[in-house]
């Protein structure tokens, strides 16, 4: 299943692939640092700029053992284009997202505890924190139950995100997928998703969180997307 | 937006600024160590002794990437006076506190999980632990819901802290602000706030914590503020 | 109680023992990393290929102080065959499993928090997460209450696992035992057991998790056991 | 308040003091590692063999800054005998325990989250885990509410532990004190106390843990105290 980079991709793309393998490899360490993953259950991918390709974690490899070289390259149908190892078993879902959402440059999947707990009940996370309004612009929605092995998960992700500002979707009885303009933004969304999933869970354990007015959610979202950070 | 230290501040102040940038930079690591912050959501500031200035975290910069040089200097209206980066998006709130509470030398803001959960319900944390009587001298109060972008958050902090001994205030649906005589004291208050927010939450999950008599809270607070530590 | 390896085991077995002591020693660090053990409460063992022997943690030794040499060798009755230290107090339970389940090459025991909480109520963990279907193929069952000191624990483990696909069993009021084809697989099962025990607990705190259809559990289990990872 | 070791203690005791300062200093790192302490709230002490003295943490010093030299020496009335710093504000409670329980060689105090939550409700932790039977031989009892500043806390600890096998006592609205034959045993009791406080809390969140028969608790306790570990 392996082929050399030189035969599959042009040399200008080869540089982009090398840089992306490096950054996607490093971003998996953020999933570990924030406690979003146990053993090997969670993965980051990134679209190769200027090519119908993305890079993704190999299947079942421990985070300690990941190296840039171990990150595999797939085409947008999820077929292996370059790499020594079999791609993540979630590759088809990532590929579906890249095929159908051209603005997406990074995808992350985890089974992080609190997000997955909401997903197990099939319940959207209500937007009751300003940090959640900032990052998600509203509730974090729930997608359908879907089996692995075909396009069902990818289709569920794309259909559910349509009509929400949230870059995160809880897949029923499963876990969370997040998207971003690049892999780092998708990792940030995964970190923030678990953070707000936990805080809202804890809030609800002892009563009902107060609502935030929809107009205020809009104001917070607009400001955060346009003013926050370094420009 | 950048100007050189030498033109903006006198040389005696320049030394104070350099020392404060160093300590405020280092104190952000305590927010990380105690798990009070996810990604870049949380910041520490410190008033420059002998000047109408304070230093604060730059906006959206990862804690790993903070250096003393990256910490920015602002005047008490929150305008950037020195530094290469845009100040924290919470700068206006910090500035308001420094303008209105002259005894305050440090301010911290986090979205720490348990404190934010109480804030999401708009519920003050009752003083049912001796450690809470020691540090907070009573309940940790809740301030109003306020949007970012003007003085509303700062005004809410100052108005709520007035009449409480607590150096921490829960801002509704948002998170926590703490104050101290210096940035280290404000960080300590943020750490202890989350610690007691969590313990009281856990206690209440299985019943009602026993009250501490107000006179005992007073005795504990007086002793801790005057006897504890090295003098 | 000590005897030299050369007199007890053949030289071809000696190499297998040395390699296994090394890997079993290292695998204890995974119990620490995932927070499954406090102080010295938890142990990993591994069957020696080609011999009626297994290696196991010595009793009451801190994880920091474990070295490959400190790992002891026992026969399948749990008697010490090689090593300077007394074997784990759970050795009889491990030995029983190796005697009665020839396909098992590794056993792990922990008191990990969430798994032990289900065990304290004597309640099986329902299979409401796809990750749980993948790894456990159904609910994680509960075995009987059993005292340490004879074969009762081992007998309870083996009797309970019979008729389940789960490599984990919750022992009532006690903790969890997991099995695997090798020690690493048993450690993975212990990590995943705590992960799903926690997620399902959190899900149930605020309502009822949605069920997964038994046929879907079968499909997920079959796929994960045969397709996941590198082959 | 400082005097030199040579004038206060004989030279044979001086060696014991030096060794104890070293080990008590190191044991504080275990409180940090197991998450039992926030900021400076928690302390370890150890009785000096062959002298009416004990060593203890200085007051308000960060765990990062502790060194063997910073650990102070007190007499059994809690008066400073040797050291540059003021002793822990909990010194009177430790001293009371050493005066009244001659078999005790180590004392630990923390505000660890789950133990303190039971203490805030004034509720003993029921013995529903075999690990709890092993280490505590029954429930972990609750002592009275007591203010700091005189012998009330020490008296409450000693009176409550009398008639229990537990080396841990929950002090109402406060935290936990543990005792042991040496400081390491007291630290172990503090670690195990929080571990079982958390597991039993989690178990009770979703129902009622099953009881363990008193005769089985006795059997487990007797075995663990006499057989476990290296002898």
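A, B, C and D label the chains in the order they appear, each numbered from 1.
Here is the rule we use: a contact is a pair of C-beta atoms (placed from the backbone, for glycine too) under 8 Å apart; a residue touches a chain by one contact, two chains touch by 3 or more.
This structure is a prediction, so every number in the text was calculated from the model and none was measured.
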(request) Spell out the chains that contact chain B while also contacting chain C. (result) A, D
(request) Please identify which chain has its centre, taken as the mean of its CA atoms, farthest from the centre of chain C. (result) B
(message) With touch defined as above, tell me whether chain C and chain D contact each other through largely the same residue numbers, more than half shared, or through different ones.
(response) different
(request) Indicate the whole-number Å distance between the mean C-alpha point of chain A and the mean C-alpha point of chain D. (result) 45
(request) Mind checking the centre-to-centre distance between chain A and chain B? Centres are C-alpha means, answer in whole Å. (result) 32
(message) For chain B, give me the residues that contact two or more of the other chains.
(response) 205
(message) I'd like to see which chains touch which, written out pair by pair.
(response) A-B, A-C, B-D, C-D
(request) Quick one: which bits of chain C touch chain A in the complex? Just the residue numbers, please. (result) 34, 128-131, 188, 191-192, 195, 198-200, 202-203, 205-210, 212, 216, 219-220, 223-224, 227-231
(request) Sort out for me which residues of chain D touch chain B in the complex. (result) 38-39, 41, 58-61, 85-86, 89, 111, 113-114, 116-118, 120-123, 145, 147-149, 172-175, 201, 204-205
